[in-house]
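Listed below are the structures to be examined.
What follows is chain A paired twice: with chain B in the first complex and chain C in the second.
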Partner chain A sequence: MSATYGLYVSKQTAIHRLHPLTKLTYVLTCLLIAWIVPGVWAPYIVLLVGIVPVALMAQVFPNVVQNTIKTTIPFAISLFIVQGLFWTGGTIIQQLGPFSLKEEGLLFAIRGTGRIIIAVSGFLLLSYATRSDELMLALSQKGLPSRISYVILSTLQIIPRFQHKANTILDAQRSRGLETEGSFLIRTRALLPLVFPLLLGSIVDIEERAIALEVRAFGRSGPKTSLLVLHDTNRQRLFRRLLILVSLGVIALRIYLWLAPRFAA
Partner chain B sequence: MISLSDVTYHYPRSDSPALSNLSLEIPAGQFCAVIGANGSGKSTLCSALAGFVPHFYRGKLTGSVEVAGIDTAGSSLAELAGTVGLVFANPFNQITGARFTVREEVAFGLENLGVPLAEMEPRIDEVLAFVRLTDLADQSPYALSGGQQQRLAIASVLVMRPKILVLDEPTSQLDPIGSKEVFAVLRDLAATDEATVVLAEQKLEWVATFADRVLVLHKGKLVADGPPAEVLSSLTLTKYGLEPTRYTQAARAAQAAGWRTDETTLPVTLEQAVEFFR
Partner chain C sequence: MEKLKRDFNTIALAMIPIAIAINIAVGQIVKALRIPLYLDSIGTVFVGAVAGPWVGAVAGLLSNIVWAFIFGDVTNTVPYAPVAAAIGFLAGVFGKYGWFKSWWKAVLGGAITGVVASLLSAPITFYLFGGVVGTGMDVITAAFRSQGMSMLAANFLQGLATDPLDKAISFLVVYLIIRTLPDRYIDRFSRADDIR
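On to the complex of A and B.
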């Protein structure tokens, strides 16, 4: 097994080569526009103009589509049922037995779904095209405490190991005759002999890991260096500033649209 | 290089001392093995040398522990890191989890010390070659076997160029092949005269082949101290819950049967056994 970096898909594209902060700022700007620009279709326009082309360029479009659909569908279904059918007041467009489909509810659900799609696809795009350690290094260089970036990075790697350990304990308990299949009650009862060894074992692991980190001078204050080198360009710095300006502009516009009617009245 | 004077240590909420009136000196460049039964204080001694006793485990320490001129009690773990390297039994828990390749894992300590990039690369290449992991440099640390992970742990500490390397039973959780690989690295380390190494270990046959000196701990006390041939062949070893090497056992059985009864130093290694039975 060669090194894996969370969701990262290793490709040689211009998007992959961008500085992590450029990609992060871009995705956050897309998200901001989709969430606060008024209009039912705003998220979908951002999706088509902002996310889709970049996903295609990064050659991760199928991955983004697949996982966005998987993640969004449960939210979308509940939004459409709850908002579409149970909107109070509003224009009825279709009577479905005792329920009535409301236009306003439907539009709200479309907009809500769009916002979720943007959030999910944006972060998937970022994760597929950016190594998590490069992103964390970039954020550390911007002042993110090394302890926080350690927690995020190690969690990404330790969760699969945790699952592996849980399976080992489960197998061990099964071989001692623990019933783990069957009714809800049986499965619930099987949980305790699994959870306790897992938690106790993890506490011991944490102590040793803390020692290992101290040995490697993790607790030392003062400047740190990095084996990883991030490539940044003046053009990207300019682009990021532009994105921040756009974001501020959108926020200002939103505040104006919110305040204007109040002053007019 | 290492100097303990009258060290007594109690773990928190413990009435019996884990180390008791321990005094010893280990000069620079010496490869010193610490043996003893479970609970004899080997791990506590290792923790004390690296400062985790008392800084991490708390508890009560009297006497003084001085490593490379630093009084550990008056120092902090952050200051000691890089001066004293510690490797312990569980290879998996020594992987930081925050780096994605073997090479980056080795770099972690150097990054925290603020070593410049230009200096980092040759140092990493050097230790990876030393522990024979060069071919796996771009693999995930989690993809390695136990023996490889333990060598990675040793490399990750060695790269920081500690003045003293402390290893607390580094092979106790490894399979025989993994243990052999780690001992091969330790043997190389013993061959270089610069390294000051303290190795707590149960496998006496390995200790016998490359340690300069053997210390025996029993209930927190230092009960024997000398060259491996002398300490490991001593009759008192069993009294401290330790089993002599099979070479010594075979020689004793032969002596009981009348073979070379005049010989006072019994073999502790294969070579010495061959000589004895010739």
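On to the complex of A and C.
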């Protein structure tokens, strides 16, 4: 079996050695705090206190920064344009030709960008430091159907092969004279000769895969043994409970802040 | 329940990973050809058509989750998983009523699915991302917004500008695949009788 674990970066750090659920709970708690604690700068505080130190400890900080910037920049630009310039009403802080920059829109965009940064960087941190097969095993032990984890893991393994196949088809059709560059019409015409061989070839493969699974007793019910063994400690279990308590506390705080003015009025 | 079990047979479970890989590979080909569409749910629509609404929904849901793990981008993937599930589900419903038996019904079914998809994605874009998707599509949103339209309505119209056409083409491609494949491959799937 070829080892494909999605984005996983193999390193020997304390963070990599943690139980997958500990990391998952931690990232989800950070996400929850960043998204529901009020205040424009809340997500940025979570980033500095919650995400950055852990990313440094896991030695994946450069990867996290690079990919977070790549994903977040288009969002940030769109948010600042769509919300900053086209906010209805609001206080004008700068006139830019026919448009005007609004304070409320700008603050909204800063907060929105922060939330997206947390979602992206938290997810990246988790996937760089956690093998996806270990994460799936941990979730299966918590009750996720093993068929679901099979589907996710085998997809992660198929995809590199599929991209290779797509490139082969692209090269083959080009060498037969298929034009893939040029006007819009030419590029659109190239679509079917590229897509069809890929689709038909892979659908024909499905049956073979199903037979391969059946002869390995895939459809059999009952408990299954995993080759992987996950290491968990009492301290991690305690830490996870603590994180869940913090999350519940934050949710309660949010509901209180939301309800209090309504009851006061 | 018995029927659901038949839908989720081994062939369906072997098919879902292939379908997700198809979604991603075709999505990338379309991107490489610089065609302004997504076409990233052809696999999901195929699963829905040949294995029913529920398997289609699972394929759509998992597709968006796996997408995040491959490209490390959670923004345009995981939050829209319910939309992808709805697309697979609707493909299954249209398949059940024989809409994949004629090309124009497939196109119509795809267009309807596209309208539903834009209805479902607008609130997600609005509430989670403040109304932007981080692509060139935001120009459309900004244009509607500058006309004094509410953000939610602008998001819906932005979806409407691409989704119905995109899904109509996806459904048509699946129709063509079903016609092209030899009967003996289609026969393996639980809903084979509804689509031939």
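FYI, the second predicted complex is superposed on the first by the 261 of 265 C-alpha atoms of A that agree within 3 Å, B and C clash if a C-alpha of one lies under 4 Å from a C-alpha of the other, contacts with A are read in each partner's own complex, and residues count from 1 in each chain.
By definition in this document, a residue touches a chain if its C-beta (ideal position, glycine included) is under 8 Å from a C-beta of that chain, and two chains touch if they have at least 3 such contacts.
Note that the structure is predicted; figures quoted are calculated from it, not measured.
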Chain B versus chain C as contact partner of A:Ile158, first or second or both or neither: both
Contacts of A:Phe86 with chain B and chain C, given as first, second, both or neither: second
Contacts of A:Ile255 with chain B and chain C, given as first, second, both or neither: neither
Partner chain in contact with A:Leu238 - chain B first, chain C second, else both or neither: neither
More chain A residues in contact [chain B versus chain C]: C
First, second, both or neither for A:Arg147, with chain B first and chain C second: second
Partner chain in contact with A:Val120 - chain B first, chain C second, else both or neither: second
Partner chain(s) touched by A:Ser202 [first = chain B, second = chain C, both, neither]: second
Which of chain B and chain C A:Gly222 touches, first, second, both or neither: first
Contacts of A:Leu213 with chain B and chain C, given as first, second, both or neither: both
Common ground on chain A, meaning residues reached by chain C in one complex and by chain B in the other: 150, 154, 158, 205, 209-210, 213-214, 218-219
Residue numbers on chain A that touch chain B, as the complex places them: 1-5, 131, 133, 149-150, 153-154, 157-158, 161, 205, 208-229
Chain C partner contacts - residues on chain A that touch it in the complex: 6-7, 67, 71, 74-75, 77-79, 81-83, 85-86, 88, 108-109, 112, 115-116, 119-120, 123-124, 127, 132, 147-148, 150-152, 154-156, 158-159, 162-163, 165-166, 170, 180, 184, 187-188, 190-191, 194-196, 198-200, 202-207, 209-210, 213-214, 218-219
Contact set on chain C toward chain A in their complex: 8-11, 13-18, 20-22, 24-26, 28-30, 32-35, 39, 42, 46, 58, 62, 65-66, 68-70, 72-75, 128-135, 138, 141-142, 145-146, 148, 173, 176-177, 180-181, 185, 188
Of all residues in chain B, those that touch chain A in their complex: 50, 52, 56, 76-78, 81-82, 85-86, 88, 90, 92-101, 103-104, 107-117, 120-121, 124, 138-140, 142-143, 153, 156-157, 160
